[in-house]
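So the structure is just underneath, and the comments pick up after that.
As written, the chain order gives the labels A, B, C, D and E, with residue 1 at the start of each chain.
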């Protein structure tokens, strides 16, 4: 199994943000994670990427237990992510932002770097090449020298995705990647994501409130409410699930 | 080259070049009061000499640089004074640490450093060895501290002593060590040795311990910012032991008010000495403040330089070398501190007197003038 | 002797506490170590001294004048050193640099004007120490402790329950958004500095009265720095508790291992404490939510 | 109510607004749509005084706008900024207090009660540091915060961002209600279809220029708008 | 002549220490108020190695650098995981502790009276070569992924972690690097002045280094060098001002920072056709939303 989450629990004081949540993700699959605001989706993602330490349960990624590992270790095992509230490095330009994610892959160390030499500059070139490739995938190459803080909100979201790709992840965790995009851009994004899965052989876990994306893109969807899983299934099943409609979609979605 | 702050020497009528004396002092940091005191006194003397026509018609001019308390700054300033300004002598800062660093450099530059620093190592790096270009113009810390110790043991018959001093301050340490050595060597006892660091303002913790050790006397070889607090807080805690102070107690111990009554301390001058009245009056008139202790020793330092320059002028050229040589030729100069003759082997004053003073009714009275055995 | 030492430590702590409350205000609220707080203390102490000498004032008017002088001085410092930097888009970290420079500058100004000698306030209170059952405590320390407790209560209320207080904290994380809410950020920050300055003036003049005056008197602000940080971010109560702990700790070490090594021992305890209790005395960890 | 004439805004080399003119009538909803980087947020920021226009003028109730953001808020214009921008270290309750900064304490208390009624979730979280709220909760807070000051004009910058579908509907209902109560609304939205359906008039921005304006219902039918901003077809 | 050499020597030695602060505080955003203490450790341990234990110069210096790095590791281990102001506080405490130990161990160090009789082994060429080498090393760090990662973790530690940056270890490396440079500078200093006293290494010296870095522009190596050069020579140039000197020096800094709020050079680097990477300064919108803790 690629990713297997079992009985994951997270508490904040009295609040149980994630309650015995289990899920499975297979290779080359886009999985949706939806639910009302405050349901615990981002919290799940934070635990997957190691930013939060779970209070219970296990996360097994490629047959290795990763709960309790530090975020950078998890990232190096092949889990990349974006943030719901954009967290780009505002004083680094777009290219450098992406380079950060690839940095750890290069085979050098501080002492070697200090002395310099061709080996180091070759490593740096490789990082640059890789970063530009990621930017290219999201059609951002022409913005590589811009500083993210000066870019429009929607573009910043795409830079986040490019940066998450920078480390060659096997699993990509996207937290509301389409927020701030207009419908046309959403379509482009969907195409991009599909292509990523095909080209790079990765899996994606996607949190989104824009139903058109989730329903079109995801093969399997998990629905959270108050930290508990209330449903899982194919887009079709989810759309018709009365519990999901009541808790999340609302009546109006029926005609959508 | 840079001009000194206080040097407004008028253009020499005959257009002879001024005789430049370097004056690297702390003017902007913790010891600025001393630096300014020395500068003030030196300026007074130089103005007087210049008003009388200078030396061989040449005016004396002070080249003053700020060096803070920084050793590197002192080195740079000294080198600059020697190389750029071409001074013939340097009025050294009263901070022994700086002179310790400068002494080896002076061996190369061969420009004498004369000043009221106190550490014996400034002239004798080790017993029997001599730095040729440094001259201590104050009773050395050893002379002062041991004079007080001797007085307390012989005259006051004290046996048990306690100390409270600033371990971070070389001045304090260089007084405390010989004091303790003397006491131990002469059958006394150090019942408590308490210390503090720069910036400390509350000493009750240490004093409480000292009180418990029940000494006959407590020696406080500290700086002006600390002495009044030492005294005040000791009294607050109900300590009855005799308090002993150092040569900054005049006048700063008085800041402790009534608590300072009865304090006994060593000093470099006797303020009641009729010889000194003229200086005190002139200083107060000119600078509108009481002279700090270093103003007295700075005065003597500048005085001996003037004397040496005069002797050198008589010999011929006024050069650093001739001044250095002639500093030892000044005999029995009537300084504020004592009659001053410098020893050729230690470059310290020969048998200087150390006045032991006491505060009585907010007045300083001289108990005795102890003549240092050295 | 043990009780006396405890009281000694507590007294020293009271002094630190008063400094920590003022220092902590800017530190907790605007998130930078404002070392110029120290020089504000120094300047107000000298101003109080000048007035006290000239008009033969008693303690209350002297301290009041010092307090107000501190407030004004701090506002001026903000105006000269921090505001232009903020307006031109400097980062908050640069404030630390300017504040240290301000500390050096103001201290130097004191040296230029007053550095010729050392000063002491005229005697202001009848009895400098109160002795109860053989244990003595300085009256002025009691006054300082009282002042810090009052100031702590007032400031905590101010920060928690008034619009201005909330706005100050809001400005610390997002000045622009704070502006968008209709708060005049310039005024808000000026007020913060004014209040912190009042505290500096108060502690400065009380310090001057109980100690001697010299230009570097403000360097004691580092104790406020230690207390505020140990206390825990965002918490003035923590700063005060931290200050008193620091005082007691110092006196304890002085009494046991001597003053020479006290800084080393204090450092060791401090690191151990922070290691065991990373939120400080009273702070809460506000973890970054991703 | 709010009149914008020939507004130019630039950031260094980049010109973000190139001569935008706009009329916002009293108690109406004006919707602004446009692609990423079209200059929508810049326009709102210019109105709130956060960026200084290079030229052009903005008048509010016949008078030029004051110079500083806080004065503009006093005059009655508030913004729900893009990306929420709640004060992370303040509690929910304190964030709301900040929203009512220009009011008296009594008014603050009253309005807080109303906001809590509107968003019960916020009430549950009143003491929590806003930085730890979920994305959607933060968005609710941002909206609630703007409602605190009883403004005459509210500028919404993508209010539906990160909200669950049900809440999105609620928010649009709320916006309609706000308008009913006599408040003027300027709405920037990516969810153009929903936005146009509540709006009275609408403007389409492209590269800092107004390329299309008109009644919202007309734009909704406009094939060009349909193609460029509504996704070509009804969302799935 | 010797005067100028002496000024330049002190300047160059101090610059070596400043470069450590550049990486540590400028790039990584860690405020260490104890860098001068590492300098003290370098100075004293090298001097003691030579004077008391008769070690040759080079091993003594290497040993002293090693000691500093070891201590940095211990302190870093305890504090680099904590909030950043705790790090500032701990390094401050460390500095004071080192000074206390140096003043107290009179037998070994001479205490407050200072350590005299250190042979004068630091020569001009040695200092110049050291400086050039150190600048080269730091330049390489600056333009490499390490420099970039330092800036990234300064800007957003959480995001950097999630991108695979080992934040703790990176900070540790930088801290040890800074300690090594400070210690090396200290050793050079001790064998140049042939005298050392604890008060030469107070926390204000660490602060001076920070000021130098920020004055030059925290992100710019050229800026750090410029800042160091300007502020090391300023006191000498200002000698004429006598007691007003410190005041003028401070006003100079304040005015500069007011006119150039991101330091003299911002993030600009001197570049010899590609030797240095091309950089432009970032003008970030909503700059106020930066949360510095």
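Assume contacts are C-beta pairs under 8 Å (C-beta built on N, C-alpha and C of every residue); 3 or more make two chains touch, one makes a residue touch a chain.
Since the model is a prediction, treat every value here as computed from it, not as a measurement.
Common neighbours of subunit B and subunit E under the contact rule above are C. Using mean Cα coordinates as chain centres, the one most removed from subunit A is B. Work out the mean CA point of subunit C and of subunit D, and you get 43 Å between them.
Averaged C-alpha coordinates put the centre of subunit D at 48 Å from the centre of subunit E. Taking each chain's centre as the average of its CA atoms, subunit A and subunit E sit 39 Å apart.
Centre to centre, using the average C-alpha position, subunit B and subunit D are separated by 74 Å. Contacts with at least two other chains are made by residues 27-29, 32, 36, 167, 197 of subunit B.
Multi-chain contact residues of subunit A (touching two or more other chains) are listed as 42, 49, 51, 83-84, 87, 150. Contact of a single residue of subunit E with at least two other chains is seen at positions 99-100, 103-104, 158, 162, 243, 246-247, 283, 285-286, 289, 291.
On the subunit C side of its complex with subunit E, the touching residues are 31-33, 80-81, 84-85, 88-94, 96-98, 100-102, 104-105, 108-109, 111-112, 115, 173-178, 222, 225-226, 229-230, 233, 260-264, 266-268, 270-271, 274-275, 278, 288, 290.
Residues 136-138, 140-141, 143-146, 148-149, 151-152, 155-156, 158-167, 173, 177, 219, 267, 280, 282-286 of subunit E are the ones that touch subunit A when the two sit in their complex. Of all residues in subunit B, those touching subunit E in their complex are 2-5, 27-29, 32, 36, 64-66, 68-73, 75-77, 79-80, 82-84, 96-97, 100-101, 104, 119, 121, 125, 166-170, 172-174, 197-198. For subunit E in complex with subunit C, the residues that touch the partner chain are 29, 31, 75, 78-79, 81-83, 85-86, 88-90, 92-94, 96-101, 103-104, 157-158, 162, 203, 207, 210-211, 214-215, 218, 243-244, 246-247, 249-251, 253-254, 257-258, 261-262, 283, 286-293. Those residues of subunit E lying in contact with subunit B across their complex are 1-3, 6-7, 10, 99-100, 103-104, 106, 111-114, 116-117, 120, 189, 193-195, 197-200, 235-236, 239-243, 245-247.
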